[in-house]
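Labels A, B, C and D are assigned to the chains in the order they are written; within every chain, residues are numbered from 1.
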Amino acid sequence: MSASKLTDLPEAVSSLVPDGSAVALGTAQETLIPFAAGHEIIRQRKRGLTLIGPISDILFDQIIGAGCVSRVRAAWVGNVITGSGYNFRRAVESGHITVEDHSILTLTTALTAGKMGIPFMPTGTALGSDLYQTNPDLKTMVCPFTGRKLTAVRAIQPDVTIIHAQRCDEYGNAHVWGNMGVIREACLAGRSVIVTAEEIVAPEVINSDPNRVVTPGFRVTAVVHAPWGAHPSPAPGHYNRDHRAFLEYRDASRTEEAFRRWLKKWVDDVRIIDEYQSLLGEDRLRELALKQHLFSAPVDYGY
Amino acid sequence: MSASKLTDLPEAVSSLVPDGSAVALGTAQETLIPFAAGHEIIRQRKRGLTLIGPISDILFDQIIGAGCVSRVRAAWVGNVITGSGYNFRRAVESGHITVEDHSILTLTTALTAGKMGIPFMPTGTALGSDLYQTNPDLKTMVCPFTGRKLTAVRAIQPDVTIIHAQRCDEYGNAHVWGNMGVIREACLAGRSVIVTAEEIVAPEVINSDPNRVVTPGFRVTAVVHAPWGAHPSPAPGHYNRDHRAFLEYRDASRTEEAFRRWLKKWVDDVRIIDEYQSLLGEDRLRELALKQHLFSAPVDYGY
Amino acid sequence: MKNGQEPPFAYTPAELMVTAAAREIADGEVVFVGMRLPLLGFLLAKSTHAPNAVGIYELGIIRDLPAPAPILTMGDLPNLFRAQCCTDSADVMGLLQQGLVDASFIGGAQLDRFGNLNTSYIGPVSEMQTRLPGSGGACDLASLSRRHIIIMAHQKRRFVERVDYITSPGYGTGAGWRQAVGLPRGGPSTVITTLGILRFHPSTREMLLASLHPGVTLAEVRENTAWPLQTADRLESTPPPIRDELEVLRRFDPGGFWTGRSAERH
Amino acid sequence: MKNGQEPPFAYTPAELMVTAAAREIADGEVVFVGMRLPLLGFLLAKSTHAPNAVGIYELGIIRDLPAPAPILTMGDLPNLFRAQCCTDSADVMGLLQQGLVDASFIGGAQLDRFGNLNTSYIGPVSEMQTRLPGSGGACDLASLSRRHIIIMAHQKRRFVERVDYITSPGYGTGAGWRQAVGLPRGGPSTVITTLGILRFHPSTREMLLASLHPGVTLAEVRENTAWPLQTADRLESTPPPIRDELEVLRRFDPGGFWTGRSAERH
């Protein structure tokens, strides 16, 4: 058994997310978005990052607004329940960042190719679309067997993939449940992997269910205990989505000035994860807690 | 909720495995091999089947020996702990069946392409090998982005994929755990899917853990209760591998005469699954039962 | 109707649109459910005339039971509760790409007479006026489902002769275009707007007005469409939501988040 | 030694081979473990000098703890017990294809002077003498790991000038061949036989005898090799298994299924 990979967010981000690196975040889509890790990236004011993710909800908008980003490779960037991501709009419209336009399937295909260790993979989507115009990593090709026209998608291998898991052991073996999005591909394709987790548990909890392990621990570089680390996105088994926070963020991001105030209060002035929780307040945490429980039926891995 | 898909093996096999069809079996590899379903295919003396699977252990050898097969698309056919599959050898050497030679990765790639609904997928394996000589569904190609030489593999979509699951509800939602091999790809790529299961359970057991569901139930065509349906291969959570049966089979398949006797005793004279169990005998079933248990830690799907 | 006050049952434009969307789903169909209004449309169909419909969500969820509580996104925890399957996006996208999805729903900012949809850039990319969120799964649903239904606010700036950018392919330049570019199947079947319901000419693939919502005139629709809009042979009137439908809608959207105001907000 | 009787510690040819195989694994390496003898070799290395090695199995298992009980196949239930990860073959094959596997182990029926391995057809395919089981994962391990180790019985009919069929590519026709056909990396590093250990010339890529097993003569090895076998500059003697290694081996193979008789049986 290898050495413990437990560390804290400042250390994990400063050592594994250098300026200019390509970072995959929010790969489960609407759930388990690693907001705590993203906020640490902002606090460290990383520069020139490439953000990779299917639909980032508001996390990408926040990191872009903080000036950390030069390029986005995504299918959708905005605020899922309200629409536009205002920082994203400002940054793209002013030419401060470039966008590689993907669809969910082209991004899934790119990360699958990355995970499989092949330089490209074909898909039948996006033919005739203008995604070709704003994504140089798409090319039309012809199937060598059928002659069918296809879209070839270049593989994506993030420098670092950051995920938020429900529970993880100190060696990087994490349990994730719920919709998987492209988490598994992004972890396997990532050159390094940071796992933030609601709970740090004993290896015996994780290896009691090896099928639930999201990616083999030997490929994980750092493990960070980050309760409420996905807030305001939902964490199955832990808390519901905080819709109010997304509505508040829409208003707080409409202008740059308002966004600066939001950033100071919710990111820069928050030094540790506990401060974030107290900022939310007991009532709000209670309100987001699960009211109905449904526990998985056990399975036996005996011999 | 749709109608019940519960049926019995004779009905499932006669309606879903017509002569000449392409059948995927043994897609988890050494575990959960659907022997009971394979034996029903033999009892019905299907003809001209194409068998698809990575390493089939002895099931393919049995179906081939019974004369049901005209073509095999596999990476390995034999008896895992002893080597050769004698019926397979006789059938190939005498020209009675043709073989499309795969590796585990080319077959995995073919089924992944089938599952993704794309006509081919590239891989970096088998370059320079003679698999090209005996597999017309491999072609060398050049990556449109990097210029790297690759092996293009034609997609495989089985007419029917047959799996053995640990538990399943009557609507086709099955829980499978342990090594997954290419089960998930074969189920998603299959035009129809037959699930045989150790246990038929209430939908509430299955949907208490949607991440454990091997393939969406709406794609499953038939569900059959088949306790010990994977014997002599192991079924995680239910019974260990019956090594003795594989050794006995090696001897029983060395000559055609011996194989006829084996076939009569273990397949043709076994009309129902209970007869198979009594043929094995209480002692043997006890010997194969799990001695150590390890139950998965629960997860919460509440809200 | 616009202010949601008339008898017999008061309903909002959004409630009418969601109801019309739900009615596009036949029982037993496999439906790829998009963000926002379609979430509600599927729940409505599933709870009324299409109990055997199967819902697929791009983030890796397949459901054959309605969610037990209201949801605002497909990732809200009630949408995971007793799901048929939770898996990888690759798996559900594979089902779509295999041609196993009967119908899907997408929304957009700009739509043209051949059903091409733009959710990416307003104006030429080089000197864009507005950057929109992008495709999400919309390009995939428009490319690969057997048919797709578009839900939009009906305004002249949105209903244009030719979109600035094709995010989600419709019929391109008309008949034969999808086959020519290599798309394997499908195309938009229906456009549900704040003013009416539009369908496509079987041969020319041009969008035609098929139904007017209650209280809306043909002139009003034409004023809000940037090309000379033709009507179908029979121009119908959209049947308003019935009480059962409204009850279901309000159970799944108690705060009226999606249906309380005009769909334009979303 | 051949009959397993001599002091200091009696061991069988198979035990010597498995021990030699285990010693090819460095601590902390990622090892793709093949069927049969390699299963035991990995368990031995893991339990002795390579406690931090990670084992990957093609059927979708990754282990960082030795199995708690003897196994005859990689799918035996003890090999799943407290595994690091149980997943799809596609995932572990992806790790291999990415170049993340340091070493892998394969066996075969026919091997040639450039390390090409045949486990498919003896004789020309058109008029084959023998159909063998096929590649399994061997072609993939030989194509894509950083290095692979071959375990074989040493007989003239198996050690041939040129294999009848390349199931698992070695160095093809010699230096530069792997690059020319497009293989991204790797090649065989070591061949462990019933008689000795062979390695490959760094420039010509021809197989050379590097070590003789105790009691085996160079003449004996040459008699059992179909091409004029050259030796490495220093011809060594294979160190026999030490007591600790034999104890581990016999714990994991109590019945001597793999190691009780000559490896030729398997």
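As a convention for this text, a residue touches a chain if its C-beta (ideal position, glycine included) is under 8 Å from a C-beta of that chain, and two chains touch if they have at least 3 such contacts.
All of these numbers come straight from a predicted model, not from anything done at the bench.
Chains making contact with chain B as well as with chain D: A. Counting C-beta pairs in contact, the pair that comes out ahead of the other among A-D and A-C is A-C.
One inter-chain figure worth recording: chain B and chain C are separated by 41 Å, centre to centre, where each centre is the mean of the chain's CA atoms.
Chain B has its Cα centroid 36 Å from the Cα centroid of chain A. Centre to centre, using the average C-alpha position, chain A and chain C are separated by 27 Å.
Looking at chain B, one finds that residues 116-118, 123-124, 148, 150, 177-178, 180, 184, 208, 211, 236, 240, 290, 292, 294, 301-303 touch two or more other chains. Contacts with at least two other chains are made by residues 61, 68, 76-77, 80-82, 86-87, 90, 93, 96-97, 144 of chain C. Taken chain by chain, the contacts fit none of the simple shapes, being neither an open path, a ring, a star, nor a full set of pairwise contacts.
A complete list of chain pairs in contact reads A-B, A-C, A-D, B-C, B-D.
Of all residues in chain A, only 116-124, 137, 139, 141, 143-146, 148, 150, 152, 154, 166, 175, 177-178, 180, 205-206, 208-209, 211-212, 236-238, 240, 290-303 touch chain B in the complex they form. Those residues of chain C lying in contact with chain B across their complex are 28, 30, 51-52, 54, 61-62, 64-65, 68-69, 76-78, 80-87, 90-91, 93-100, 144.
Across the complex, chain A meets chain C through its residues 28-31, 54-55, 74-78, 80-85, 88-89, 92-93, 99, 101-106, 108, 112, 123-131, 133-134, 140, 148-150, 177-182, 184-185, 233-234, 236, 240-241, 243, 290, 292, 294.
Contact residues of chain C toward chain A in the complex are 35-36, 57-61, 68, 72-77, 80-82, 86-90, 93, 96-97, 120-121, 125, 128-140, 143-144, 165-169, 172, 177-178, 181-184, 257, 266.
By the touch criterion stated above, chain A contacts chain D in their complex at residues 1-2, 115-118, 171, 173, 184, 188, 204, 207-208, 210-211, 213, 215-219, 301-303.
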